[in-house]
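Multiple structures are listed underneath, in structure tokens.
You will see chain A twice below: alongside chain B first, and alongside chain C after that.
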Partner chain A sequence: METFAQVVLDGLLSGMVYALVAAGLCLIWGVMDVINFAHGEYLMIAMYVSYWLGFLANIDPVVSVIAAGVFIFIIGALTYLLIIRYTVGKPPLAALLATFGLAMFLKNLCLNRFSPNFLILSDTWLGGKTFQLGGLIFPAPQLAAAALALIVVGLVYLLINSTRFGWAVQATAMDREAAELMGIDTERIYILIFGIGGACVGIAGGIMPSYLAVHPEVGSLFGLIAFVCVAMGGFGSIPGAFLAGLLVGVAEALAGFYIAPVFKYIAVFGLYLAVVFLRPKGIFGW
Partner chain B sequence: MMNTKVIDLKDALWLLLLAVLALLPLVPFVSGSFFGMHVLILVLLFASMAQAWNIIGGYCGQVSFGHSVFFGIGAYGAGMAVVTYGGLPWGGILAGMVLAAVVAVIISYPCFKLTGHYFAIATFAIVEIFNRAFLVWEWVGGALGLDYPVIEEGLANLMWYETKEGYYYCALGLFVIVFGIVRWLESHRFGYYMRAVREGQETAESLGVNSTAVKLGAMAISAALAALCGSFFVQYNLRVDPPMVMSLDMSMKFVLVTILGGSGTLAGPLLGAAVLIPLQEYTRAFWGGLGGGVDLMIFGVLIIVIVIKEPAGIIGILAGIGKSLARRGGTAQGGA
Partner chain C sequence: MALLEVREVTKKFGQLVANDRISFSVEEGSIVGLIGPNGAGKTTLFNCISGLFKPEGGQVVFDGKDITGEPPYRIARMGAVRTFQVVRPLKDMSVLENVLVGAFLRTSDRGEALTRAEECLRLCNLTAYRDRMAGDLPIGGKKRLEMARALATGPRLLMLDEVMAGLNTTELKAALDVILRLRDSGITLMVVEHVMEGIMPIADKVVVLDGGTKIAEDIPARIVRDERVIEAYLGAKYGRRLKNGTQGGSRD
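Showing the complex of A and B:
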């Protein structure tokens, strides 16, 4: 029983980080109906930012999170300005393929610059520390990442649901033309949404080097899992993406522990199929 | 006036395609270089793969990212016939095609209830599930994959070591089979059904088209042909493992070549492959050594540029050129 609880706890902790990665994607998808294929690569770049700040300037990932978030905010906004803007009004696949090209470019740029080696940051503040609570072991870096994820997802949710900016975003998502007639600068909304979506994944990636090795392929799987979370949660629903992230984290941990590590992702993707076959628009979709 | 010009353009593209086809069998006598042959074989293979995808993705409008599963099943069909059972590949190729069609129907039936991105992500999920399952499935070789033994070369074993000419003619045969089937479908009743479903499922159904049956049929044909391409791929590579054939990257190649060439058109997949594959292979040959990645960086940028500039694909660029030429011809005549 204790093992089971521990496995579920580990799943929940990684699930919160998935939820944060997914929340960024969810925002972009919900507002613009664009699947950003380079989302996982944003995460990878954020991890490199945090790694190099730690390695060269001895700044801990807990602090670099801010730099990584800001950096990916800029990259996200640039992605919109340089690429996504030109795919509006073209076939729905255009944005997906263009961002796939971007993902390919970013992944191989990092491969070329930083080599395919796994880079691990040693001597971080949190690295390797754990503490116990009632028989359960909490690894400090994962716990910090989960807590951070919870806070950021909460803030994004509040931003979208209870600020003037958030209402403008929702109006833009519902009907771009009508929103423009109401005096909303939708172009600015799109830029900011891409930036904020990027910042979410940037923050997630910023803290990860505390406990995960960095390499050019690290983002691909996270990107895929984020797609699955967002679609499972339901189109554009941040609470849905959050719930789906937790479900995915727990499913992954249980299958990995009780069956075999390789079954982790069979369980995750199988869960997605099971959910959408029952509810074709996701848990909170309509 | 406008209509005649469109028909002229289509005829011109047809003539171009026929000319290319007529010249292709002569290439092995002209091109002595090993690498050149390799590129040509890959162009034919990827054109065939893209054309197989084009049936469901282009003509029928169901954008599947799951074709690497069918490709992989075909590859494993041939591979296991040779490696595991020590026989000729032919039975395995046939079994792979049938199995791929059956798997396609089984997994597509529930997936077709999903729309848009939900469908696309479901097909990603299926690729990942097959990939992991094959990695741990001992019977199909697991993560180590299947390595071909050295056996007698020739058409019976579908294997050559000394030259690539045998492979070249097989790839050409594959190309002709796949393009022939699609050409036949295009003008056959079923082809019209597929396009009707793409343009509007409800409208098609209101006219008595059973859209589910059409989509499943198109998927089955597409999957069987993708499996045929997969079995050629494994015979050419003489090795197969799960990440090599059943991966998202492989699935994306089916989609990219078709879309960048021009989806829903007969010539599109050939155009896409004829531009992208040499580009990929030559950039890899030139820049592949520079710490790696430069070839794929260029490839990525190219994808972005084509998608942004010409969403109709290379065939759209050609159509644009054709139109402007026709216009110039028209004004010149008017001036004279």
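Showing the complex of A and C:
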């Protein structure tokens, strides 16, 4: 029983990070109907930012996470200004292919600059530390990442649902022209939403080098899992993506422990198929 | 001085000239009707004024400032706001929330925005629908919601695009009451309308478009006797009835 609880706990901790990555993707989709295929690569870039700050300037990921968040906010805003803006009003495939191209570019850029080697940050503040509580072991880096993810997703949810800016975002998401006519600068909303969506994944990636190796392929899997979470939760629903993130984390941990580590992703994508089969629009998608 | 001046505005779609050098002015505090048969270019002209379209030629001057080609949100912030002919409420929000979005244009204070939104709902006879989802309203309610939402942005000029079309007699009367109430509160109105009984009694001036050009601009009493207007828009039958001294339409 204790082992089971521990496995579920580990799943929940990694699930919260998935939820944060998915929340960023979900926000961009919900407001702009754009699937950002470069989302996983944003995560990878954020990890490199945090890694190099740690390696070169001896700054711990716990601090670098702020720099990573800000950096990916800027990358996100630039992605909108330089790429997505030109695909608005075009067939949806245009934005899809454009972000796919961006993902390829970023991945290969990092491959070229940083080599495909796994880079590990040693001697971080949290690395290797654990807490014990009621027979359960809490690994410190994962716990910090999960707590941070919970806070950021909560803040984003509050921002969208109970501020003046959030009302403007919701209005823009429902009908861009009508929002414009109520004095909302929807171009500015789009820039900020792409930035905030990026910042979410940037924060997730910023803390990760505390416990995870960095390499150019690291983002692909997270990007795919984020997509699964968004689709499972119901496109555009942040609570849905959050819940789906937790489910994916727990499914992954249980299958990995009780069946075999190679079964982790079979369980994740099997769960995804089951959910979309039963509820094609996702858990919160009605 | 006129609040809105439209000067020689021209809008083309390829070879089609939807608005051909249209000029008129809207005096502060008045109700101006904009009429014309289907395809006359009324909605296009509204789009040019509100910034959704950029005209190829001419100028739109609002409150002494040239607003031609400005983005819609800036024009709305200056105080010229429109509604849509095909109603476009934010359907996943409640009626009150829809109006709140408009109210947040002039204030960032939640309480103040709420007070303002409630006031607009009252003005548009929507208080009873306050917490319903906007998508579930009957058509008359949706049209009034469009007006309430536009009103909440605190406009000086409110442009209403066919808010009376498709309404039954009771709804029509409610809409007219609202328009007059808005005028009395100091808002200038420009009303695109198909429903003649609706617009004629309340307009201070009527501008008539046909095939993209302005064919008349006058007070309603003279517009209904203008031969070009009768020919182009009202049709011969309607014209005869008017000359015989009865009001148009099917009401007795």
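Rule of thumb we're sticking to: the second predicted complex is superposed on the first by the 286 of 286 C-alpha atoms of A that agree within 3 Å, B and C clash if a C-alpha of one lies under 4 Å from a C-alpha of the other, contacts with A are read in each partner's own complex, and residues count from 1 in each chain.
Going forward, a residue touches a chain if its C-beta (ideal position, glycine included) is under 8 Å from a C-beta of that chain, and two chains touch if they have at least 3 such contacts.
Please read these numbers as outputs of a predicted model, since none were measured by experiment.
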**Prompt:** Counting only touches as set out at the top, which of chain B and chain C does A:D185 meet: first, second, both, neither?
**Reply:** second
Comparing chain B and chain C in the superposed model, the one touching more of chain A is B
What is the contact status of A:F73 with respect to chain B (first) and chain C (second): first, second, both, or neither?
neither
Inset, instruction - Quick one: classify A:V276 as touching chain B (first), chain C (second), both or neither. - result: first
- Query: With the two structures laid over each other on chain A, which partner does A:L102 touch: chain B (first), chain C (second), both, or neither?
  - Reply: first
Per the contact definition in the header, classify A:M174: touching chain B only (first), chain C only (second), both, or neither. second
What is the contact status of A:S115 with respect to chain B (first) and chain C (second): first, second, both, or neither? first
Chain A partner, complex, touching residues on chain B are 63, 110, 113-118, 120-122, 124-126, 128-129, 132-133, 135-136, 248, 252, 255-256, 259, 290-297, 299-304, 307-308, 311
Given the complex, residues on chain A that touch chain B span 29, 35, 83, 86-87, 90-94, 96-98, 100-109, 111-112, 115-116, 220, 224, 227-228, 231, 260, 262-263, 265-266, 269-270, 272-273, 276-277, 280-282
The answer for chain A against chain C in the complex is residues 164, 167-168, 170-171, 174-175, 177-187
Given the complex, residues on chain C that touch chain A span 50-52, 71-73, 76-77, 81-82, 84, 88, 90-93, 97, 100-102, 104-105, 108, 110, 113, 149-150, 153
